[in-house]
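Both complexes below contain chain A, partnered by chain B and then by chain C.
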Partner chain A sequence: MSSQTYPGGVVIANPYPVDQVKIIQAPLPNKVVLPLQQRIGEEAKSCIKVGDRVLTGQVIAQTEDQFCVPIHASISGIVTAIDKQAIPHKSGLKSTCISIESDGQDEWIKTQGCGSDFLHCDRQTIIDYIQHSGIVGLGGAGFPSHAKLNKAIDCHTLIINGTECEPGVMCDDALMQYHPREVIRGVEILLHITGAQQAIIAIEKDKQEAYQSLLMFNHNDRISLTQLPTKYTSGAEKLLIKTLLDVEIPSGGFAADKGILCQNVSSVKAIFDAVIDQRPLVSRIVTITGDALTPINVEVRLGTSFEQVINLTDVNNQAHDYRMGGMMMGVDIETTQMPICKITNCIFVNNKTLKQPAKECIRCNTCNTVCPIGLLPQQLYWHAKSENIEKCTDYHLSDCIECACCSYVCPSNIDLVSYFSFAKALDKKQTADQERIDIARDRFEFREYRLDRNKEERSKMMAEKKQALKEKMAKDKEQGLEQTDKIAQAMARVKKTKEDNA
Partner chain B sequence: MIESVVIFSGLTLVLGLILGYAAIRFKVKGNPLVDQIDAILPQTQCGQCDFAGCRPYAEALAKGEAQINQCPPGGQEGADALAELLNVETLALNEEHGESKPRHVVYVDEKLCIGCTLCIQACPVDAFVGASKVMTTVIEDECTGCDLCIPVCPVDCIYVREINPTLLTYVPTIPGEAFV
Partner chain C sequence: MHSTGLNTNQIMRQVIYALALGVSASYIFFGWGIVIQILLGVVSALVIEATFVAMRGRPVLESISDGSAVLTAVLLAISIPSIAPWWIIVVGVAFAIIFGKQLYGGLGSNPFNPAMLGYAFLLISYPLQMTTWPVDFSAFSQAINIIFNALSFDGLSGATRLDEVKIGLSLGNNLASIQVHSISQAWINAGFLVGGIYLLARKVIFWHIPMAFISGIVVMALLVLIFDSQTHLPVQNHLMLGGTMLGAFFIATDPISASTTPKGRLIYGFLIGVLIVVIRNYGGYPDGIAFAVLLMNMTVPLIDQYTQPKVFGRS
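Here is the complex of A and B:
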């Protein structure tokens, strides 16, 4: 049934391996910063004021957008500011955030959930819990879980993504090793919601301990575990489906169209926490790795600053390069004064090195052979560079998953993927601009038409009035004789009365 | 010999009829060049080009009665695009028609508005909502940033708001082109 592989991709061993994967509980931060902008949709509106005391798990910002999730306080304490702050995003733009100063008590708000008898709750109730608990895809994309679940109507297969193919990242590995019970129970909740016949947990072969621990806790025949070869990009949703089920999701299509639902393991654990433990998503596991320290996994409250988390390690005193997200798909960042977000799975701290400058493309074709989607990065590169979006679209730019395999293998050190993300953003901008221009043109033309129509209507009305007046005058003229007669009679009457009186 | 003459005359007649019919049936209405030019123009409808809007300017350009560098909102890129379409040398933007400003919209200070409706009449895209002697406001999504409403306001309560890139509209820069 399963083809177990796909063309392209690259095999990279964990550059900073550890003997045993562990999770360290980070101490409670004294301050958290929570951004209001989520990955998709409008910026959330805060529903608290500066100076308010909030409890852990309390909703502090919401949107009306059904697609988005509310934002919860991750510690209890006093709201100190609602202002623009640096957030972990490749743009380096500032965005509105809520800052909370901890009171050190970590007092939780009372929340509702299904409890362990979730089987008695219906599908929509549980999905609503999941939404209200703020659960998004924790693998890195940050797609809201409830939106996926709402779309999965005729779902037959559930795929739980525990591949964690980004080299160096260990947070899902650690989660599966230390929370296997929660993961399996979480999968059971998802099976209940979707009504799927089977669930497949996919794990890469290099995570034997995780596989074993999940195997120990799995007593459900509808849940199976599959080991996949260790290869980067095997965790991409469409590729994972292709590998496991040999089903190809067409360009622009969704897994839900084929009755398949994918969820990341950490999201599954978060769903367990939300539904059974009745706890919203306020913390996550982050891997801190790199050559400047001994890699660790830390369970940390959302909104804790990168710096505080990095200080939990034995980081050396040299100058560092920082990168958030994976080694391949992550983003280089300048400062560590940024909050951990729901999608921050990993922070790289490397000793500062000079970046290799890019050289000319030698058209060696290596990038074309590693692209897991089967695109032609080299062609796309030329067209993106010349800002020729039409050509990029012809070469299926929108299907690029920005996995950076092409950049990794490029012998000229060209950062190909940044050209593609540039071209995608440019395409989006141009489409939006064009839409706006078209609306403006329509509105202008309609206004011209309206003004002309008003003028015409007015002149028509005036003409009608004129005509009516003319007709009336003509009619009066006809009756003119009679009229003068009447006047004469009246005058005679008056004269007569006057004479009588005299 | 006579056969070929008949055949070819017949062919000529039939093909001629088809062509004649096609010329009437598929006649291009209006000047397609005007549409092409209009598609490039930014549709701000600001009138800075000295024409009543983008379409009149496009018509003038198609007739050769205007220069390609009269549209400040289109910027130098717009002038270049027009030059390419019309196959002429590109020109630097004519500063007499105003300077190219970043994209912006206007908004009304609603406390000051007296409801004179002058802005409603000035707006080329009907982006104002209001009526006589009531507060007026701008639908910012519809505003093209033509600034025509600003000079007509008797109480100066219309202000410009620049549109800054947000996380959702951000376009990353491509890496430096300095190859070694």
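Here is the complex of A and C:
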């Protein structure tokens, strides 16, 4: 197997390492808050009312959009509210959420699945189970797994992403160490669905225990394990494909176009749970780390508040900075009164520090040397700062994966990637505005054209009518003459008769 | 979370420290002049920078502490004759900082290398003062007297070796009859070379520009030698005379005014080297680093435009 690496990326050791990675089971929460807005797609509509009793795993909201997945109750209990609440999203906006008060029973609803004999289920049925179990990419992107599977239904290679390259995050590592059987079985399900010839599980070299435990449970010769050098961004889908298969997915293209399907290792385990254990996705493993506490991994029900999860470890009493997601691509957050979502892989709790102000860019080019995509971040920064979207496009802004390597190494401490996401948003807005303007102009032009056309048609019609009238009049005149003739003849006849009689 | 690498202020400081060897070599051969010039330059740079930053309504302390004004002043002070009158460095630094940097928007926005802009301004405006070089060691009191009181001492000043070569050749002399070597300049160049290697090792600068710069000089010098070995300097003299090593490792590598792409930096450095030899051999000035750098500064946007690296997923 070729291990073609790519230039760029940064090597960062786990800033808050632990002696042994463990998973703690969080106690059942008293209350969960489940947002109706998923990472991608339209907002789901709730199909329960305030006051209803719901069971664990029961669908409480769904959409008709085939792209989206339904939302399940993560505990059994009473629906206490359906209202707008803070959700973990970088916009900081509130979103409609369903709140459920636990009854402490954790009574599960019976759901459908294949059981351990999944080979007898056809692929579309399994994909439907995966969709109805609410499985999305748990690595952070939140892309619905069934949609990805539908797109890559006849792929030849399956890549299972267990790189977990974001420094500090340990939840996939923990999952691979403690659930290797489920992961391998999950991969077999995916092999069955897609008919792929091979599946490659990619793990970074610093996760030896995870590698060993998967190796021990893997008896399938279509599944192989590959260890990759520990380097941040190695887990980015397109870069991972390049590293493993030496295939470069074109800009704007998808892995599926090349017959490749990537799935996060946690999603694979969730697929196992859904298809074989017949359990929808109602919990996930979250890493709680930072310098203000002892890092832990917790398996927690979705919708549990950040605060409650953080308090499961020995967090100190100082003022904290919070961040969700990875150290590099995560988002700083102000409050911990937010629910754990499917994509919440990690929460950082650090002692509050003063942020170093940014200095001017001296075009030192360090950012360029770490960009895994080969962009020129300092040029992009220059153009993004002056909101010159056209120039940003020239420098391939849309190819930026926002990995934040450039921000990480910048000697002037410039948060380059935030400029890029801003410029992308601006580009989107400008494109939308331009589209609206184009539509309005087209409409106006068509109206003008229509008015002109009507006018022309009318004048043509008038002319035709006039002509017809003229012709008719001429004809009438002729006819009139004939008529006068006839009258004259009749008169003559009358006269003649009168004379004859006389 | 941020990388533990050097920050912008530390980068500037590293460059200043790396100049120490070359400056020491200059001190050993020519005495106190260079030290006084550097002090004069730094003090005036700080005053001018502070004044202009304050006028622009920007945080003064932050600007002064970033080390960029000091670096400009030190580079200019090293580039001019160490026995030039005191106002030369003051005027030069003022021009460099005001017209070379602040009017463009301060640190990071200047298209030209400020030190070289100051140098070119001085060379054109005050050719006499700018071409009177020390030829021997001057003691502290002598240096003070020369710089502040415009006193001249016999045997202390004269033309540089490159100057002498140019004059000798223009008088129709054969190169063989002209002294083309200079121990002092070779040592000073060696000092800057070592300082440059230190910067490379500390990853303050990348190898592209210095390598291309020196290659440009070597290739062009060899090329002109093919046509005429009688009136052109041998390659090693090009490398060890004048400001070659200072230019290769400290001037052309100024990231702000240099090309930013890897390929672009090779082109940029190489063409500076070529231009230096062209100016030395065919131009009106004995040395051409400042003009070569400024000319290439102008081409940076063009070079950058056409040397964008390959982007992942694009052909």
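The rule is simple: the second predicted complex is superposed on the first by the 438 of 502 C-alpha atoms of A that agree within 3 Å, B and C clash if a C-alpha of one lies under 4 Å from a C-alpha of the other, contacts with A are read in each partner's own complex, and residues count from 1 in each chain.
Please note the rule applied: a contact is a pair of C-beta atoms (placed from the backbone, for glycine too) under 8 Å apart; a residue touches a chain by one contact, two chains touch by 3 or more.
These figures come from a predicted structure and were not determined experimentally.
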{"item": "Combined model on chain A where chain B meets chain C, clash or fit", "value": "fit"}
{"item": "Chain B versus chain C as contact partner of A:360, first or second or both or neither", "value": "both"}
{"item": "Partner chain in contact with A:238 - chain B first, chain C second, else both or neither", "value": "second"}
{"item": "Which superposed partner A:445 touches (first chain B, second chain C, both, neither)", "value": "first"}
{"item": "Touched partner set for A:336, first chain B, second chain C, both or neither", "value": "neither"}
{"item": "Which of chain B and chain C A:408 touches, first, second, both or neither", "value": "second"}
{"item": "Which superposed partner A:395 touches (first chain B, second chain C, both, neither)", "value": "second"}
{"item": "Contacts of A:226 with chain B and chain C, given as first, second, both or neither", "value": "neither"}
{"item": "Chain B versus chain C as contact partner of A:5, first or second or both or neither", "value": "neither"}
{"item": "Touched partner set for A:327, first chain B, second chain C, both or neither", "value": "second"}
{"item": "Smallest separation in angstrom, by C-alpha atoms, between chain B and chain C in the superposition", "value": "5"}
{"item": "Overlap of the chain B and chain C footprints on chain A, listed as residue numbers", "value": "357, 359-360"}
{"item": "Sites on chain B touched by chain A in the complex", "value": "38, 42-45, 53-55, 124-127, 142, 144, 165-175, 178-180"}
{"item": "Of chain C, residues touching chain A in the complex", "value": "1-3, 5-11, 62, 66, 68, 106-109, 206, 255-256, 258, 260-262, 265, 304, 308-315"}
{"item": "Complex interface listing, chain A residues touching chain B", "value": "37, 87, 89-91, 93, 95, 357-360, 384-385, 414-415, 418-419, 421-422, 425-426, 428-429, 432, 437-441, 443-448, 450"}
{"item": "Chain C partner contacts - residues on chain A that touch it in the complex", "value": "6, 10, 15, 238-239, 242, 248-253, 327-328, 356-357, 359-366, 368-369, 372-376, 378-379, 395-396, 399, 408-409, 411-413"}
